[in-house]
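Note that chain A is present in both complexes that follow, paired respectively with chain B and with chain C.
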Partner chain A sequence: MEKFVLKYFNLIRTIIAILIGLVISVCLIYLVSKDPGFSLKQFLLGPFLSRGRFSNMIESLSPILFCGLAIAVAFQARQFNVGAEGSLFLGAAVGTAFAVSTRMPIFLHIPLVLLVAGVVGAAWNYIPGLLKARWNASELVSSLMMNYVAYFLGLYLINFHFRDKAAGYLVSLQLPQTAWLQQFIPDTRMHWGIVLSLVFAVLVWFFLYHSTTGYEVRMTGYNEKFARFGGIRVSRIVILSQVILGLIAGIGGMTEVMGIHHRFNWQISPGYGWDGVIVAIIGRNHPLLIVAASLFLAYMRVGGQVLTLMSDVPAEMVTVIQSVIILLITAEAFLSRWRYGITVREAARKVAAR
Partner chain B sequence: MNPLLKSILSTEFGFAILRVMTPLLFPALGVAISALAGATNIALEGIMIVSACAGVLVSAFTHSLVLSLFAGLAAGIALAALLGYFHLKLRADIFLAAIALNLFAAGISIVFLFLFTGDKGSTSSLKSQLFPAVDIPLLQNVPVLGPIFSGHNILTYASIVSVFLYWLITFKTPLGLRIRAVGQNPDAAQSVGINVNRTRMYALLLSGFFGSLGGLYLCMGYVSWFARDISAGRGFIAIAAATLGGNLPLGTFLSSLLFGAVNALANYLAPLKVPSEFIQMTPYLATAVALAIYAAQAMRKRRRKVREGAPEGTP
Partner chain C sequence: METILEARNILMIYEDGVVANRDVSLSVEANTIHAVVGENGAGKSTLMKILFGIRQPQQGEIVYKGRKVQIRSPHEAIRLGIGMVHQHLMLAPDLTVAENMVLGVEPRSARLFLDTRKALAITERVSREFGMDVPADRKIKDLPIGVRQRVEILKALYRNAELLILDEPTAVLTPQEAEGLFKTLLDLKAHGKTIIFISHKLKEVKRIADRVTVMRDARVITTREAEGISEHEIAYLMVGREISFERIPAPRAVGNPLLTVRGLSLVNDENVRVLSNVSFDVRAGEILGLAGVEGNGQTELVRILTGLLPASAGHVSIRGTPVTGLSPRAIRETGTAHIPEDRMEDGAAAEASLQENIIIDRYYKKDFSRRMRLLWRSIAQHSLELVSRFNILALSPRAAVSSLSGGNIQKVVVARELSSNPEVVIASQPTRGIDVGSEEMVHNLLREARDNGKAVFLTSADLDEILKLSNRILVIYNGELVAHFREVANISAKDLGPYMLGVQREEAVSGEVRP
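This part shows the complex of A and B:
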């Protein structure tokens, strides 16, 4: 048992953090709600109680998952780049502009539009990467700034050049149908972009854990000096990890436009980049665990929406739970005594056995 | 004359700049002091939100400005203390913990709001008090200067006094010296007996103090209610302002002024259908460029030191 705990310590720790988060949510619901039993049921089971809600949950998966994977690549290299938001926004804006102004058959249009969005996102994040690699400038601050610049650039592009003046509100022109990601289940909005995000999860997993460059990324993250000593060109990895982040985030933003709205309709930044940070932390930067974390986040979000609609509890409660979970997971010292105790006992047992 | 130029040259525009600057300057000082201590606090967004929420709720229920001031400060400083506890004691990465606390603040404020008012969106149902506007005697009668500098909210003046206070703390007190020492080289500071964690905690608490004042201004001066997302990214803009100002008192003040001017200008441009996006993005771009220049200079300095034979790591 103790060996088991030691082996899967990080996973167990994450699960305990999530359980504590859920306990707090139960407490909050009892504090706020007049009919806590009903509210609790709506929150926990609501997302599964109707086909519409369930499909909402799956639909909201793809941008979160893309951003989580993007962030994970950078975090694995210990690059605290939060530029997923900007890459997603600008990538989707330029991708939309490209999609609207070109006409080609579907089998060319979809990959090309995704490619344009990805390349724009990647190029955008090349800048904080370069600044970090060359001058050791904080990628956190520079990527944060670049997010704002990307936001205003994207807004300008859409609102002044590709705006649909016939629509009653500020949106881009509609994408030609050849650039739509179709639904794979009719009557829902579950589109192929979601499948693509899952494919990306496997690709990123393969890249990080089964390729030389991925190994170098992880090595740089574990110990930069050691990586350099071992002959890894650290500055290249620093830039590359952030460029990959931008690439994945740009594609992720574009799938949302191509699969759900078929227009660029964000006037405020949608916040998926920050969701990406959340799921990357909960999934501890492991691509396959991030899939689970994204599902969990999507489940909580839909649960929150159900709460707002059906009960007297505000959806923001979900935000509180998320934050508690993240805090506990990032706190390295959380439960570290427990592990220390187990380690000591294990060692003592081994010594005694000898 | 061009109507735009006319409105920019008016005294109202000058007044607007200071008004818009206030909720940026407070959190910018908060970021600056924590950055000086080497524990950059990016949770100012959350600090502003909780202090704004606490301030409005207490003001609405007690009708006491003093109590709401203390409530706002207490809430903001408590959040900063939480950040300090998780970062310094539980060894969480400060950026990730701060991101979590920003989320936490956004959520908990709405939950509390709902608990006390039954409203999920804003406190428009509550009548919050306002910090008073102050006319400065003599100055208010001076043409041009009077309408620009007089008649502001008392917290606007407090923000300018805070710049001085910040200078005083960081450059004229032992604590300030310790804060700067810890930020420059924690190991060296520790070797001469400075408690690194405690010093950083103090810096974070001070950053919570400045940030709370910003939050209080937002909902009890700038407007008179609390709504979700009230700080609208100002806590993040503050990071830019502090970085651009090199975390120094005057620099932070000037860069906050620049951000204020740009935002005020964007407000003026909005109805004119001029693409204000480019003006709005300038300060962020400037910050990114400034960051790169600082970093490049620092790198060059370090290389020179290494060439001259100083051991690596000496500041």
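This part shows the complex of A and C:
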């Protein structure tokens, strides 16, 4: 039993954190709700209670997953670039502009639009990468600041040049149908972009753990001096890892536009880039764990939406509950004493046996 | 004699499951110098941490001055009268000696401000009382390491330490400085203090200790009177087998220079001259030793030779190819291996696996990757080969390097560097902080490289190592070569010391050899 705990400690700790978070949520819901049983059911089971909600959960998985993977590549190289949000936003904006201005067959249009969005995102994050490699400017600060620039640039592009004046609100022109990602289950909004995000998870996993460049990325992250000592061009990796971040985030933003509304309709930054940071941390920068983390976060988000819609629990409380759970999961030292105790008993037993 | 401190049946297990102390008992007589010796990872430092309250053992008890005590923090240890001088000195470099002395127990003026004058007076009083000179008003960072160590000892004495623990105090000192420390320790003993000191170096143990405790593999093997035990015997008990102490004989044939350095200079970012006009050759089939107190330019010199740092002036060529300004990889490709001075900083990635550490210089070669794809199976196989060939203690090639002991991590580094089939080996502190057994192995490997016609450039703070391995010796002081010993047979540490300290120097020294 104790051996089992040691082996799967991180998994068990995550599960316990979720359980504690849920207990706290239950308490909070009991405090604020007149019908706590009903509210609780909406929060926990809501995402599964209708086809529409389930679809909501799966579709919101995709942008979170894209951003999580993007962030993970940079974090693996120990580059704390948080520019996924900006790359996603600007990539999607420029991609939209490109999509509405071009006419071509579907088999060309979809990949080209995605490529444009990805390249824009990549180019955008080349800047903090270059600043870091050249002048050792903190990528955390520069990418954070550039998120604002990307946001306003994207808004400017859409609202002043590609706005659909016929629509009653601020949105871009509709994409031509050749640039739509179709639903793979009819009557839902589950589109091929979601499948693409899962494909990317596998690609990123392969890149990080089975390619020479991925090895360079990880070694740079483990110990930059060691990487340089071994002959890796560290500055190249510093830039490359951030460029890849931008690429993936840009593509992720574009799939949202192409798969759901078929227009660019973000007037405020959607926040997926920040969700990406969260899932990258929960998934410890491992692409396959990030899939699970993204699914969990999507579940929490949709559960929260359902709770807000269906019960008397205010939206703010939902955010509090989500934060509590995420905080517990990410707290590294949580339960470390427990683990130490088990380690000691195991070792002591071995000593005694000898 | 009266027993001042006794540890009984200590069991200490770390977070990663390593059993560092197993049924360890130690009894220290008052007013003696008690040496604790053992290989790396034998559990000496752990035991000291327990005595000083840094870690709490799972089992066992400590009796201090006849009373059973629980030492839960260094603070409590100090209150009991136990002081500790750490291996990496715990002083604030930007504060003065006096400020460091009173840190935490400051004399105050108006209850709020540090009373500098009083602090100076205290420092002078304590330093006079124990006959240890320190410049009270100088900043720590401006002082040589030997003086800093004295400050740390005085600091403990000012806190009324009866029992002083020193963790490998001589590791960073020159022979002359070490001699000074021994005098200090003997003086303190005369003042009635008790001293526990940890060491790797058996000579110094014999020189000053009254009693010796030998640890091996987390246990205490024996405690003996220093009088009745020989260096040889201590080494045998530490390692559990015979160790050779002979100087390694001179090589049969020396070939052409493989590493050529001419007029190398370096001015660093703070406009300080770190290296001045350094020239030397290392020939095939010889080991050239560079002796010097740490921080006299050796680190930078090695970094320049391996492409990690650009020089301000001068040339380096390896096997006839100019390598000045080439990248670390390009220099490695000329057939150069580099054992870095700090294995955890440059030599290894602690969280990465053993096999990932092994391939850092070869992952892109065709044996280990094909079209950008890593061939993990061949990598694992290659790593296993090295693990068995270099006798590395590891659970699997996928185990994180951080789970290995210091000596085994060094073996991983040495295994990687020497298995790349180099022509030139640049070894910096290749045995720093590793145990006698691993040290012997590394020495044999370097000797083997030399006998196979490689050129070996060795820098080390450990003079015994330099003397034991080198065919020629250069001494560096303040970035300049100050002595060149072409014959080393009759040279001893005492001959090198004055050069290392800058007391003595030859004119226009160069380590060049004429063909």
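In this section, the second predicted complex is superposed on the first by the 346 of 354 C-alpha atoms of A that agree within 3 Å, B and C clash if a C-alpha of one lies under 4 Å from a C-alpha of the other, contacts with A are read in each partner's own complex, and residues count from 1 in each chain.
The definition used in the following text is that a contact is a pair of C-beta atoms (placed from the backbone, for glycine too) under 8 Å apart; a residue touches a chain by one contact, two chains touch by 3 or more.
Bear in mind the structure is a predicted one, so any value in this text is a computation, not a measurement.
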item: Touching partner for A:347 - first (chain B), second (chain C), both, neither; value: second
item: Chain B versus chain C as contact partner of A:108, first or second or both or neither; value: neither
item: Partner chain(s) touched by A:135 [first = chain B, second = chain C, both, neither]; value: first
item: Contacts of A:309 with chain B and chain C, given as first, second, both or neither; value: neither
item: Touching partner for A:19 - first (chain B), second (chain C), both, neither; value: neither
item: Superposed model, chain A: greater residue contact from chain B or chain C; value: B
item: Chain B versus chain C as contact partner of A:218, first or second or both or neither; value: second
item: Touched partner set for A:202, first chain B, second chain C, both or neither; value: neither
item: On chain A, the residue positions that both chain B and chain C contact, one per complex; value: none
item: Complex interface listing, chain C residues touching chain A; value: 11, 13-19, 22, 58, 306, 308, 327-329, 332, 338, 340, 345-352, 356, 359-361, 363-364, 369, 372-374, 376
item: Residues on chain B engaged by chain A in the complex (per definition of touch); value: 42, 86, 89-93, 95-97, 99-104, 106-111, 114-115, 120, 228, 236, 239-240, 243, 275, 277-278, 280-281, 284-285, 287-288, 291-292, 294-296, 298-299
item: Residues on chain A engaged by chain B in the complex (per definition of touch); value: 28, 31-32, 80, 82, 127, 131, 134-138, 140-142, 144-146, 148-149, 152-153, 155-156, 159-160, 274, 277-278, 281, 308, 313-324, 326-327, 330-334
item: Chain A residues within the chain C interface of the complex; value: 210-213, 215, 218-219, 222-223, 225-233, 336, 339-340, 343-344, 346-348, 350-351
